[in-house]
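Have a look at these structures, which come just after this line.
You will see chain A twice below: alongside chain B first, and alongside chain C after that.
Now for the complex of A and B:
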């Protein structure tokens, strides 16, 4: 498998009124061509911020360091002008809230042809033709009517399909889907996820799927990365992760999924997500961990290769053998 | 706004009795201003020619609104005054928008130092009572209509800058702006396609209402002797000259005063209805 995107030791801090917030603390991940990589974690653990760093769309109070290698280039070193050629063309994004991802004032027709004309140097008629093709590709019935509609005349699922069509208009090699189904009904969720997988087979792009829904992960992803408080704690193939979760945080997440067969009480993780303004030293998870060892308080465990398909950042698994 | 939306807004405005009244008054005013030489019974007197034999005549069939201290027909002068008033309303508000809107968009969208500089500048302007600032500039530049318009526009733009900046700040956080950025759309295009169209409605409303206020303030400047100079016919100036005659010759200041009053109300009626239609919170009931 060829590497498509590789994030190496990504650090991200936000200067805030209350001091520095250490949002990402050395995130590593690799996405290969033609795969669906799931990124899971709680709200505020840095999933979305990781994706925005890939596109370099961070607020001005952010400080980034590390490397984001995409097609041989370090995105963090590219100029704004070069980034504009990558955004939308090479890497595009689908957002959580389809209800407000379209400008309410303009018809779908205008919004789609605007975007298409932005990168392809073509006439308005050709852009509209292309828009119609894209709408057909995302299985929207009656594309002519959709093109003539305003966003408020479409349902959430339809709008998300329009957004996916827009994101695909330049055959990107990476599609970042930031909780693409969170705002939708369960039945529509399934349809949208299937659509993304189907289009992926057709257009051959990789997907970075950001979600907090482990069900979605199990259903769609090839590999999964688990994030906790700005750290990547575990990366594994999806079956492997569900069968053999290694990091105590991942174990905690999985045991918090209700299982209707047993009706046993859920085991929530104790404690709260740490403040990023003053994160715990060493392993950021140690104050909540049932297996905490003295070393966890002082030393941050690196993400080590446990097997070819399984990486974990935890002192329990020999990361500290050489100490 | 798109064509069909403008048509829909117009339809609603015509269906609403009060705004229809406002529109009719403004239309009459526009027609009056354009065809003033044909409508005024004594165009020469309106332009300033004295007619001393008939000075301070009460309203009669010959002079419907009476005559002033130089014997000039007040009706003719009120009709000619509509020209000045409309000119003032359009140019003051137009100039204010031209300066204020781009600055507001820039401040709201860019944020940071740009925002701080622009907004502190508007704060300086807004810290003066509005008429006082206009007076000050007008005194500095000298008397006359053009200078009065410049003075008013300069004291006017910060209101639009503030209004549109506030809108821009909230709109730039909207997901569709974020989406546009992830698609590689340039900042200029985002401002033109997303921020401006979504931020403009309150400014349209404010601008419409302000046309009335601009007329009122221009009249105030004329009243104080800083705006339009005699013998040009201007409502504010006529009220100013007529105020000394109010007790014995009531018609002299009353009719130009009424003209100001009715015009300002007309613009406010239209502005109010526009606000109800364009304000998203009040909009639903019209859809």
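Now for the complex of A and C:
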């Protein structure tokens, strides 16, 4: 397996009216070629911001430090001009709400050919031809009609397919999909996820799938990272994570989700997600943790390798390897 | 057990005008002949995709929309005939909890005033004491009483909405996607709270949801809706373990299962296409445009309900043939 993208010790703070918000607190993760990496966590855990930092789409009040290595270059050090060559070409992104990613005033034809023309330097006719091919690739019936439509004339699922088609137009090596199916019905969700997996086989790109739905993770991802309050708390192969979750937060999440196959008792996690303006010291999960030890209040546990396929950041397992 | 609520051939059509001088009136048949009954203390889940009419059914049952046709019985009385002024007394016993807790709470009112408002109307004695006991029954504390909705978390907001509904001693609650705006760990808290309250006070719930895992957890009976009609209704075991309608079967297969090992065992069947517009519903069986088993008769004739097992009704021409 070859490394495609590696995030090392990524810190991100936002200067806000109320003070500094410590949004990412040393995130580490590696995405390999040809894999689907799932990033899960609850609202405000920093999963979307992580992907925004990869593309450097951060607001001006953000302070970033750390490294994001892609093709041997640290993306955080690149100029805006160099970033433009990567954004949309080598790394492209699909967002949650396809309606707000498309301009409601223009036909799909204009929006697609504009993007394709700009990046490929080709004529309008060629761009339209290419757009038609792409729409066929994402299984949209009757591409001619789609090209002549305005975004509101398409359903949510169709709009998301258009966005995926656009994201694919430059054969990216990484596709970031930020909650791509959250706004869609389950039957359409299944169609879109299957489409992404099919296209991945065909075009050989890696996928960074950001989601809060552990069912979606189980069905589509190869490896998973679990985030909590700006920390990566556990990274493992998908089967291992569900079978042998090690971090108390991961365990808590798994016992809190209902299973459609049978009725099992739900054990909710105590308490609430902490405020990032004043995050708990030490391990950020300690106020909600059932296995809290004195050390958890003072020292942040590092993400350590428990086995080749399993990394966890918790003092419970600290003695296993590094210490 | 006795019957609390019964709906007979309930219809809700929304008229809209088109053509020159709006002379032509067309109808959007949001709810088109729905019949079911609910026992005291049970939870019936109303499941369906966007636009299937599940929310409209719930709201029409409380006469938040006036029904176009059909009867609604509450404790044996037909409530569709009561003049609205007098209906207030009955509606107090029927409460609704909405999806987005923040927009259902007035941001200018303190939690105390939000919960006390309906109690003042009923001329309650000691408000402070009553509000406190309501807060405690939903797992909140005295310190929350004088906060405002934007000062508490989404899960706590939903608890306040539940407390407000409980204050008037209802018997029947319509829960419209009460957890879909919440994170999974908080969702489990709210589901457990709803279940405990039901056990304590014998509430009857109409649980509207698109999330089949949650439905499996919370409900005893399930009705599957499609384009304003109930396609299949039965106990939770009947629906999840031996679904009969092709739509139910395909819907269940689209639900992501939080277990990566399950992925390999399952057959991959995708429900093709999307739900048609309720403005222009297909003839005959509304599902025939997407049904893999559709025959000529499905396009022409709307199927009747077939009782395949006691309490298990299926609206399909081939209910007993398709296995």
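Basically, the second predicted complex is superposed on the first by the 311 of 323 C-alpha atoms of A that agree within 3 Å, B and C clash if a C-alpha of one lies under 4 Å from a C-alpha of the other, contacts with A are read in each partner's own complex, and residues count from 1 in each chain.
One rule holds in what follows: contacts are C-beta pairs under 8 Å (C-beta built on N, C-alpha and C of every residue); 3 or more make two chains touch, one makes a residue touch a chain.
Computed from a predicted model, the values in this text were never measured in an experiment.
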Please tell me, clash or fit, for chain B and chain C sharing chain A in the overlay.
fit
Using the superposed model, determine the angle chain B, chain A, chain C defined by their C-alpha centres, to the nearest 10 degrees.
80
Using the touch definition from the top, say if A:57 reaches chain B (first), chain C (second), both or neither.
first
State whether A:121 touches chain B only (first), chain C only (second), both chains, or neither.
neither
Under the stated touch criterion, which partner chain does A:97 make contact with: chain B (first), chain C (second), both, or neither?
first
The answer to whether chain B or chain C touches more of chain A is C
Applying the touch criterion given at the start, work out whether A:166 contacts chain B, chain C, both or neither, answering first, second, both or neither.
first
Partner chain(s) touched by A:79 [first = chain B, second = chain C, both, neither]
neither
For the combined overlay, can you note the least CA distance between chain B and chain C, rounded to whole Å?
9
Shared chain A surface residues [contacts with chain B and with chain C]:
none
Which of the residues in chain C end up touching chain A in this complex?
49-50, 153, 155-156, 183-189, 191-192, 210, 212-214, 216-217, 236, 240, 250-263, 268, 270-272, 274-275
Chain A to chain C touching residues, read off their complex
42-43, 155, 157-158, 185-191, 194, 212-219, 238-239, 242-243, 252-254, 256-264, 266-269, 272-273
Interfacial residue positions of chain A with respect to chain B in the complex
55, 57, 60, 83-89, 92-93, 95, 97, 100-107, 114-115, 118-119, 163, 166-167
For the complex, give me every residue of chain B touching chain A.
1-2, 111-112, 174-176, 178-179, 181-186, 189, 193-194, 197-198
